[in-house]
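Note that the chains are named A, B, C and D in the order they appear, and that numbering of residues resets to 1 at the start of each chain.
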């Protein structure tokens, strides 16, 4: 069984890897599609992010879907041949956070393709994988595996939307039009937003989010005053999804968000220097959001039903053998939104 | 009628000032007590704060109480001789925010003793004042005017507590033990907090907040690791009231606040550089809070009932004629918590 | 100017009526479409409902739209020729509820076509009408007046949805498939519900709500056990919209709603005898919802944009002169969902 | 080891009973105090309530505290000699509700002294008991066992308060002044209620709740119009705790609760016939509340700290041998608030 293993920045290799034994509650999945995520790119480009650094070779990948090859004796919810999206989270289910309905904050989380703990948790970019029954979420037959592999990043955005409170009838600003920003536009639409405006520094991804349903977009590099019309009467937007990780984007949002607005911070960057007097005076509600929980199953459902159509965001599907080219493409925001690997 | 007028930093004068006419819906109040607030101090020490700068002489003061001297023909809720706390807010009551139950965000607010608009709104440090009936909130007979003059800063902290959601049973950290921090400790106790810990850089105010009900205090200068015991399992506090305006205090709170904690930012300082990856990963809810709304009447009630006892926080009552000495005292955090003027 | 006036049960007449003067903040609207609402039907069939009884002749109608014929000198937001939906609410804007963002609870509300106060507030089924500028909500040019006349009942359902909290990803049961139930199905879909099931006692309206987007329907008369599959593990639905006013429907919902479910009561019937031990043990959140507030403008927007498509619900458009036939048709749930009058 | 066993209505006996083995995660408690709850009384007086009926002999009791006699090898949080309050809930910790932070809704709950499942779960009125470590909550040394035995009913009321949202500054009505109503008064005060009014049909318990902190009380039998002064402007109370289980009490509350009020239904009675049009028009939020979850530990803390002082509610402590007399006393609301047994 072959897997995509990162050894150091820019050094990824397709290597043989062993398959775990199949326990009675386990499911073996023949992986078919795997999306390259921003964190995969950070490992590829920089060997990690913040204090999280590669310390040993690691299989990348956590946006994966495939077909069930075999199931353990106790497994009931899926059977061989089923298409499944694989939830890369394996929480402990006994810590205080798990028992409080917040397993994304689990004190002993194992999350695929993550160097947060040592030994690293190996990821899902491989031909075959053994996961627990709870991780293998059945997808409606006939769905394309590539769609199912969007479940993980979509779940991230659905979880972010949960932090924002009801979106029905809200005016929403999305800053940053990468995959997470673009999916946030789709989620805002799905949840009944009244108006969705997106910003970025590049025209190409903005064109894609307009196609995906944004009412308007602003290239903040080309048109730095493009949000000024939203500044009157203390601001316009009820909700902001900050998906760029850029301090500039967040500060720009402060000017056009209404008093009491919820600003959901999705983008992870370095430290940001913020005008806290504005946050105080406008009584903003700046919330972090981290991964997802039960939203994974919801993501699978809406993808399979087509209620949220992510197909415009899929730039290319690249064979496993050309993984390096896939990562290079995924790193070029002018050319790529979401790049997936085929196994 | 004399008033305390600021002309420039450190230049405050007791001067004659005219009294406004009494309209049918107005109330004339003989001011008896006025508390010196942090913003008064900023005008005194620096001529303003942020972009708000003195541009003309201004009567200071917005924490005031006194006795009704006369009422307009249409006034029903108070009568001559009543003790009243004067609400320094005069919102327009017709803008979108006023009609949305958020008059503290009024687009045309007149707030006593504020240089935010030009001409400045004159303040309440004066022997006599004409306000609207809505601003003159009746206080239970027999209450000391000095207690009633705490209504404004207490209302600020009650409003902050509203941003925090239910405090019953919550573990609360208060960073900064000035008057707003100390009142936040009292409010947290009033609202049923399970445990209240306060921090500051000085021992003297920390001793006061312990006396006022904090379970424990930490001098972060003397004992920089004093909060370390709250770091286990991703943090301990459900709610933080950040009342120092210090970036260091907020960052320290990030380490000991639990995932999903609400951090209410009360302190207004300059820009802060924040580790946003922590806010994201721990899914904090960082909320600004600005002034107050209906909490003013609640503050008056709990002060008069003694449910919240602010007397330990009153350092001194200084005659109007010695205003300059009062401001100097109020500016020395080792000697003073709240200083009031007597008119 | 002619209007549809009710004198007694089954006694409606098309009569001449005077037009009010046009004040500087007023708008004169040439009414084009008016939907017959359940309360109009109650006046027609029974002379009122509950304690609300006709005591004098009254023009019916409050679901109305038309073209601006003239505007007062101070009016800025609309101009002659504009299509407008007319908001039948005229709150006082000075009472405690209006100033708290809850003008639907106004202590001095005037609502078109209502016998709640005496003299009755005359309604909108008339050729021409003078309302305030705030009531005349501009509709995107080119929208059919009949669509715009859905703004009022849709606003009711959007307000109900606000009571339910976030609907994104929720499983929703709608009991009662009249116009309000059917619109609630549409709203649930619009707001991102994961699954929508509707019940009624008649097949005809259930067929319509399936066409409008319900995933499944149950005729509770024909298939009394039709909801049983949702009873396992203490229930299935996160949210219920009870739109029938029937005690049986609400009790049936108690069996299939999950612990902690929000049950929004829209239907107004007589007293209901409820198994309160179930409400207690399952910790239901049973909420009333009454009319609407800012949701009217949202309704206008989504109707004009076509985001919510109500056209399948419009049974017939009947000329004003045949008002009696229109009311008879509207009262027959097997034949009619929403009947509108043309003026 | 002796226990209080109910065989049939009015037939309770002090009998020998076997003690379970002590597993490695178990704690053996020498019970010292046990409060008689309303459900114990229902078993005693009627053999059950609703569909819950005694089908075999059962040890009563679930409000219990005592001293640790022995601990299993793996127990860390308590040691022999510690005073503990025993949490009568033993949820499964693996069902969907347990993993969602709602273990009070556990699909496989074992709750002491309950005939809900067969075989019945034996209760805590016994000299000695073996429970799990999680159930044995350590109480501050020096606390009276009788105070600790209030943890369970207090936890019920704290959980009810959580359903009500923030109580700080709210005006609260408590209908029914039995133990649960009286504790609700104490909780409302603890959580910062602005005003607390209580009703009942008897003077004796009302006198007790006034002593416990209610601002005013109304005997609805003696003074049926006693709440009328709260009816103006659509009502006065922000929050109602309905602790009587009486339809009359709830309907009376409908008249004096403000639009949007939260009405928490604690009392479990038979079916109630409610004016749903009032619930709808006033947009009430009628919520059930069932048992408790993490509030048990909070109850222990505030009882031991004396923040909530329940001593005025303890009518008598009766030796185990006189159990029958204790139950008769507990059933007489004119003479008894809370009766405890000593073991």
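Going forward, a residue touches a chain if its C-beta (ideal position, glycine included) is under 8 Å from a C-beta of that chain, and two chains touch if they have at least 3 such contacts.
All figures in this text were calculated on a predicted structure; none of them were measured in a lab.
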> Looking at B-C and B-D, which one has the bigger number of contacting C-beta pairs?
Replying inline: B-D
> Based on CA centres, what chain would you say lies at the far end from subunit B?
Replying inline: C
> At what distance in angstrom does the C-alpha mean of subunit C lie from that of subunit B?
Replying inline: 45
> How many Å are there between the centre of subunit B and the centre of subunit D, using C-alpha atoms for each centre?
Replying inline: 39
> Where in subunit B do residues touch two or more other chains at once?
Replying inline: 102
> Can you list the residues on subunit D that touch subunit C in the complex?
Replying inline: 50, 95-97, 102, 105, 107, 163, 233-234, 245, 259-260, 265-277, 279-290
> Taking the complex as given, what residues does subunit C use to touch subunit B?
Replying inline: 93-94, 98-103
>> Under the stated contact criterion, what part of subunit A meets subunit C in this complex?
In response: 158, 161-162, 165-169, 187, 190-192, 194, 295, 298, 301-302
